[in-house]
Amino acid sequence: MELVLSIGIGIMTGSGVWLILRPRTYQVIIGLSLLSYAVNLFIFGVGGVKSNAAPLLGEGVDISTVTDPVPHALVLTAIVIGFATTALFLVVLLAARGLTGTDHVDGREQPK
Amino acid sequence: MSHTILLWSVTFAQICLATAMALAALRMSRGPRAQDRVLALDTLYVNSMLLLMVFGMRTGKVIYFEASLVMGMLGFVATVALAKFLMRGEVIE
Amino acid sequence: MLPYPLLSASLVIMWLALNGFTLGHLILGCIVSVFASWGMAALRPVKPRLPKWYLLPKLVSIVLYDIVRSNIAVASILLTGRSKRIKSGFITVPLELENPTALAVLAVVVTSTPGTAWLEYNSLNKSVLIHVLDLVDEEAWRVLIKTRYEALLLEIFE
Amino acid sequence: MSGWQQHLIIAPILIPLVAGATLLFFDERERVIKAMISVVSGLALAAVAISLFRLANSGEGTFEGVYMLGNWPAPFGIVLVVDRLSALMLVLASILAIPTLVYALARWHTAGAHFHSLFQFLLMGLNGAFLTGDLFNLFVFFEVMLAASYGLLMHGSGSMRVKAGLHYIAVNLAAALCFLIGVSAIYGSAGTLNMADLAVRIGEIEGERRMLLEAGAGILGIVFLIKAGMWPLNFWLPGAYSAATAPVAGIFAIMSKVGIYVILRLSLLVFGQGASAGLGLNVLLYGGMATIAFGTIGVLASQALGRLASYSVLVSSGTLLAVLGLNNGMVTAGALFYMVSSTLTIAAFFLLIELVERGQDAGASVLAVTMEAYGDADEEDEEVEVGVTMPGTIAVLGICFAACGILLSGLPPLSGFVAKFAMLSGMIGTSAQGDTPIAASAWWIVGLLILSGLAALISMTRAGIRTFWASMEGTVPRVLVMEMAPVMLLIALTLALTIKAGPAMSYMEETVRNLQQPTTYIDAVINARRAGVSEPSGPDGGGGL
Amino acid sequence: MEHASELPAWAALLVSFFLVVGAGLTLIGTIGFVRLPTFYERIHAPTLGTSWGTGGIVMASMIFFTVLATRPVVHEILIGIFVTVTTPVTLMLLARAALHRDRTEGNPGVPAEGPVQSPGESVDAK
Amino acid sequence: MTGEMILVLLVCLPFAGSLAATILLRTDSRILAARMSGVVSFAALLLTAALYPAVRDGGKVRLDLEWLPQLGLNVTLRMDGFAWLFAMLITGIGCLVVLYARYYMSEEDPVPRFFSFLLAFMGSMLGIVLSGNIILLSVFWELTSIFSFLLISYWHNNAAARDGARMALTITGIGGFCLLAGLLVLGHIVGSYDLDVVLASGDQIKAHPLYLTALVLILMGALTKSAQVPFHFWLPNAMAAPTPVSAYLHSATMVKAGVFLLVRFWPALSGTYEWFMLVGIAGISTLILGAYFAMFQQDLKGLLAYSTISHLGLITTLLSLGSPVAAVAAIFHMMNHATFKASLFMAAGIIDHETGTRDMRRLSGLLKYLPITGTLAMVASAAMAGVPLLNGFISKEMFFAEAVETHADSVLDRILPYIAVLAGAFSVAYSLRFIHMVFFGPEPTDLPKPKPHEPPHWMRFPIEFLVLACLVVGIIPSLSIGPFLHSAVVSVLGDRTPEYSLAVWHGINTPLIMSVIALVGGVALYAVMKDYLAKCDDGPPLFRHLGGQRIFERVLVTVSWKWARWMESRLGTRNLQPQLRLIAAAGLLAGVLPLYIAGFAPTPLAFDGIDPIFAAVWCVGAFCALGAAYQAKYHRLAALVLLGGAGITTCITFVWLSAPDLAITQLVVEIVTTVLLLLGLRWLPKRSEKVDNSVTFSARSRRFRDFLLAISCGFGMFVFSYAIMKQPVPDAIASYFLEKAYTEGGGRNVVNVILVDFRGFDTLGEIAVLAIVALTVFALLRRFRPAPDSVDKPEQQRIQNAYDAERPERSAGDTVRDYLLVPSVIMQWMFPVIITFSIYLLLRGHDLPGGGFAAGITMAIAFLLQYLAGGVRWAEDRLRILPLRWMGIGLLMAALTGMGAWLFGYPFLTTYSQYIELPFIGKIPAATALLFDLGVFSLVVGATVLILIALAHQSIRTHRVRGLEATKAEET
């Protein structure tokens, strides 16, 4: 499982990094979203991955077998903050596009 | 006995659904037009929802149910927005 | 207080289905459903009248049956590879239904049934454009929709 | 600290939070109420910060300033810690907040929506970052601070601000991702998020786990270096700072110091010793020197005053980084003094620039263009009468400008000189231990500091001559007392810092001594007692209370 | 799947049946979705998954958990209802959008918008 | 009054006077400012004089005040004989200059400012002289630079004054910084910054390996300040200053600060070979070059400036020799030069004032008009030329005597006598020229002010006084200056004080012969060059076009402007892509380097235990991620859809790996994000693959580089995350949470308990972030202006509207109405359902997956759906959502819940949970954490709705704007 997840994280990171290095604001925002998926999964994976061991207490739940809940809480916070910042970045890129007329990240078309 | 039967059927179901997801993803990337991709996303949503339900059965836990419910209940919102964007060029008028 | 009793009841049922049936949840569900139906009231939808709501189960069972049948039909088309040979097409069905809710129910029925898809409703001439996957006999489809579903819906909603 | 006093620790976070939330209930048109809430919050903050400062300074190396949120003991819950360093930063932040706020009240707070809320949230983020003793909570407060800074940076809108905002946000989002990777890697390899606990555990971690921890710490370090503005991760800074409106740039003066603060805190608390300490120190040292060099070049190359000021921020950051890289207690104390001095200076300078440029046609017209073209035609902002021609305006502006120039180039008699002297004295002066030869790196820093001072001198005279003597012919800028007073206050503070250099430096030295003795901090955090529970990490207390 | 060992055989068989049917139909639908040549035909394929595909798995799950917990577990039915109710919305909106696009681009094979065509007049999709 | 108090008063008084003058700035109190300055400087003079008894014969007055005692920087004021002599010079000439300036400054000048700066300068100069701490000395040193800058640029509308001032500040500033460094090194060597300690540690200093470093740095300070070659060129350019400034700063005091410093540290630093070479070369070259340049100046003040440079070179040369007698001569010459040069400057100022020019080619025969001034100038010039019976003669004789002595056997030493004579001859020549060309010869013809006459008596008085001093000292040196000089010498040289005599006549000896040669040679030289000099261009023949000023300006502009700009553009960037590239690379490096150094061996891959279904799901996820990356440029919608696919994979992963909370949250966020991006997509420009497919080589290589970086980052993250996942979290804090979540947190869902209780503070911060972002979005969008090509309605709408418009049976908007007729019914009916579901998520959160955040977003989706179904107008007609209220209430509720604990004496956010027994219903959990979660919920609803709605509003807003524009166009 770790292998699959970490390959997935790697691919998402690679795609995200590629995109944030592109010149169009839309590419950057997609890249940032992909990167935040990757990072969220990374945080999540740090606690060790276990299937079917949700940290929910109840009768018959042995707390030594459930997964580490801390990374989950961290990911939740990270998701929320990621959502907020994505929204913000979107609006800023729209505002920039409106003011500069271009969707280039630098607000002007680069000479080729 | 029932364990074996269930194991096989659950595994079969999961394979089917995973394959279905892969096919939906294929259509998603192939298009050819935007509406195909959007429809593929919707299909992917449904397939994943089903996969998660089967997963819930495999683990015997009902706690994963809400995730499926959210997909079933709210998944269409994104697709509606996409479809409306295709039709009107604008999501909220 | 309860602008949509049927809705409120359904929401209570939904609440109980989600939480399990206990007295506490019944009370809580009632409170929640009241809030939710106030929300609905705020939207001021065209309030559907359901004089013959007891016919609904009939509709449901017909639809369920049809869905099973068309599931098999479509699945066999897809499985046997007939998909290359079948003739699909559009049909226009004039409707008498006007109530939007009833139209919505009809749309759900048509679309949920594999093999038919509701494409476009034209409010001017009150007709609907439907796409049929295996269009052998147009008129048969038209009749099917009008008699099997529309008639029943007209009965329920008017 | 006991009773109500104990809750004082969280007040620097809650006051702006509540103020910011309360402000949401008032319409944009109710400017007076909004301004009042904001100012009252600022004053309350300053009062709290000063009381905490006095409390922190009263003890002889003892810590009582640990606040366990939710009454959960460290390392499980989040703790806030007040020590000399964080108290100093709190005071600095609130001292900066009041003048900038007053300045903004003259006109800028109406240039866009929700200025006051954003301002309060920025203070909340800053104070939280200074107080928290938890790595992930630090991330959260960084985000609070940054989110507010995004809003404030683009306050007033306009093409330049939005473009700068786009870059600023993109860079900070990338940094935030690194932050998360770093923190979670540290959690994954050390099993804790509490800084004090981490400091305890780090000694016991070995093997592969330690390598992973170091890698995580390295990635985390990049984040703080980005925030602190280390070359080559600092190109966002001049654009962002120079595009911001004056009061915003003024309060931003402390933002780059947050990165420095964290580096100082973590490097001495957690990574003070061990194999990886050396590498990090070298990065700070050489990166800092490169930053000074780059900042110096930028100061020289800047035509616009805003960019000059921004590059001065870089010089200041570079100086601090390089000096921290030397890892020499005496010098670090000087660096703390320098940090305070340069923050005040840069804030004053940013506030001043707008007033000075108001007299110039070019600057004023650029401003007018942005205000006209991008202002909303639908909601006519009523024309605010900006300033009146005061007698002696030019003279006062000129004196303030000269004071900023003197401060930036580290000339006497203001605190810039004392700060520079304190650092230099630690590197090559009497404080550099008698017989050991002075390190080559110290010489390099000395050279760079001298060059940077010289560059500031050349650039500031060039700019001053251009603005005051060559172009401000006849046009006297219209400046309000409300705008001038904050600048003068900040400069007066640098003067006070000069006069009281002795006591101030004692505080800094004591601060550094505390930082170099992390066990006090660690013990205070780990052994803090829960309220209502007899044991420090007592038995199950039943239902919470 | 150790937890399922106590399940009686009849239930296991029933569950398996619904599972296989549901998942199978979904897969078939998706295969059709990939293979069918035109968009208007493809739109039918996923409805296999949203109708009895979902229905089968919902049934399987309900039976499974009901028998296992020896109390009625019916909340899955909500999923069925919501999927049934919401899928038409997306399909309608999408298909109409496609229709509009085809009409604007003047693609052959789509009926023109306007007054009702006389009965019997339909347009061949091919 | 004690000596200590006098010291403090002496330093403070001028600054206080300066402040007072600043306050008088706006008043028209020219005379008042001058009078006050006069009183202040005269009082300072008296105070200084009063200290004489204390400093006579090696006495000292010393005062210590703590300033920065930890670092050895204290306000130590210390006066000895030498400092006294200098202080007398500063205050005495200060008085005279104030008096002179009172008449010199014109009506239009802002006189109070002038006196303010002048007094401040006087204070700084006194500070240098009186500093007993070398760092304090450096403080005052820099202050003199600053005030000199302000004084030179006094007439700042004159470009020459601005440039001259800047040059002076730059040069002396460089020197000042070096001096500070040098003094610090000196402190390092000695272990103290106390002047007395430093002066007592000469041997230790000279033996220290850092001696040369300290020496060079200190000399940089001294030589720049004293305008020694090659730093001399600022002084002639500083002549743009008002003449009182030139007289005071550039002859008597500030330029003397450099040589003062050399004298001050003479006991500690001199006497080594390095000292001799460095100081000697500078001094000798300055001596000769200054004199040579002075001859060719056409500007009166230029001539005096170069002459000053030359005389400072003379003093420096004397100090370089390392012999005590030479040091005596240096001190003596400092005083002499100050007297005659200040008077000459003032005379030049009068000439300028009366004739309107300082160009010697235009001046002629002025003696007729200015007989008294002319006479005084002649005497002073004679002193400058070293004519017997004047003070300049005596010190020059001493210089010649020292020049012939052998000090350190070297070429320099051997050529010194010849150079000394040559320089003497030059100085005779330019002195003669000054007098002859200005006061003699034909009637002036081409004066800007044709009728010059004598100035008011009190303006001339300072010159008279100084000339008188030249005469007195020149005739009876040992009776006049003798005792004071002796005190000074003793205080500097201490035990090494030599025997010297100040007699006018020492008999016929080598120095006298040298003097005669110089005098005769100088007269002859002038006679030969007279005609050439009367017409030639300004500046010496060979170097005329190679002005130090021009080189300086050129270098300054090149280095500080052109190079800086070039380097800024090279070392920095204003583009985003390189910055992100650097961050990615830095992050990669920061992660890899520690691993590499520590010798990290990648964890071997374990293929067992992989769930193939999970792997298949990830195949889909990876495929979607790569697809999104591939399509994002030209097929934005495709990229968005593929991003959704990647998001679904993430969700499934969360479910699969036991994090149902995360899955739910991720899902709802995913949905809202998709809608958000779609809302934004409408405002982005069309992009077509066909248009921009011209790819250059550089673009391609850039792409390849990015590709490599992306692959590396991806691979790095793969290795890193695999390694870290394989490490079980050590003894984590997690077990505590698992143990206490139910017993003390009152919840079964540990994740939620962490969120609202254990780490509720994080959540508080996180919702604050959301609130802030919503506010920012709102504020930004209020001023949103779409790009011109996006203002129009989308193409689809235009076509559909046109279609509706064409047909008589249809009305506008029919298409969209029909389009949404059926779907909107279902979307409306979903509204209460989703609300119910959101409340469900909220209430169960503490025990089961859900929670305030997911519930809030779900609620927001319910609202969003109505906007989708009916449009903005329709929805807002029905739903009055006040997002700001929701946000405010949410934040306050969360904060107040936390504060509630205070009432019970617990810290912020301490929760209280209990099971409440209700009739019929049974036990229900009641935790304050739920209130907190309710706050979260409220805030999230408000913030999400605010963001979405603010974006959605842009469409109708721009339509409105367009409508307004259209009507405006019709009207015109």
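Each chain carries a letter (A, B, C, D, E and F) given by its place in the written order, and its residues are counted from 1.
Just so it is clear, a contact is a pair of C-beta atoms (placed from the backbone, for glycine too) under 8 Å apart; a residue touches a chain by one contact, two chains touch by 3 or more.
Predicted model only: the values in this text are computed from it and were never measured.
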Q.
According to the touch definition, list the chains common to the neighbour sets of chain A and chain D.
A. F
Q.
Counting one step per pair of touching chains, how far is chain D from chain B at the shortest?
A. 2
(Q) Return the chains shared as contacts by chain E and chain F, ordered by label. (A) B, C
Q) Higher C-beta contact count, A-F or B-E? A) A-F
Q. If you average all the Cα positions, which chain's own average lands nearest?
A. D
Q: Would you mind checking which chain's C-alpha centre is most distant from the centre of chain E?
A: F
Q. With chain centres set to the mean of the C-alpha atoms, which chain is at the far end from chain B?
A. F
(Q) Can you work out the whole-Å distance between the CA centroids of chain B and chain F? (A) 60
Q. Where the CA atoms of chain C average out and where those of chain F average out, how many Å apart are those spots?
A. 73
Q | Centre-of-Cα separation between chain E and chain A, whole angstrom | A | 31
**Q.** Computed distance of Cα centres, chain F from chain D, in Å
**A.** 17
Q) Got the chain C residues that touch at least 2 other chains? A) 14, 18, 107-108, 118, 120, 122, 124
(Q) I need the residues of chain A touching at least two other chains; which ones are they? (A) 20, 25, 28, 40, 42, 46-47, 51-52, 54, 56, 70, 77, 81, 84-85, 88, 92-93, 95, 99-100, 105-106
**Q.** Two or more partner chains touched - positions in chain D
**A.** 136, 140, 143, 147, 150, 154, 157, 162, 166-167, 170, 174, 181, 185, 187-188, 193, 374
Q) Chain pairs in touch? A) A-B, A-D, A-F, B-E, B-F, C-E, C-F, D-F, E-F
Q) Which of the residues in chain F come into contact with chain C in the complex? A) 809-810, 814, 817-819, 821-826, 828-829, 831-833, 835-837, 839-840, 843-844, 862, 866, 878-879, 918, 920-922, 924
Q. In their complex, what parts of chain A are in touch with chain B?
A. 51-52, 54, 56
Q | Residue ranges of chain E in contact with chain F within the complex | A | 82, 85-86, 88-89, 92-93, 96, 100, 104, 113-114
**Q.** Residue ranges of chain E touching chain C (in the complex, touch as defined)
**A.** 25, 28-29, 31-32, 35-38, 40-41, 43-45, 47-48, 50-52, 55, 74-75, 77-78, 84-85, 87-88, 91-92, 95-96, 99, 110-111, 113, 115-117, 119-120, 122-126
Q.
Can you tell me which positions in chain B touch chain A when the two form their complex?
A. 59, 61, 63
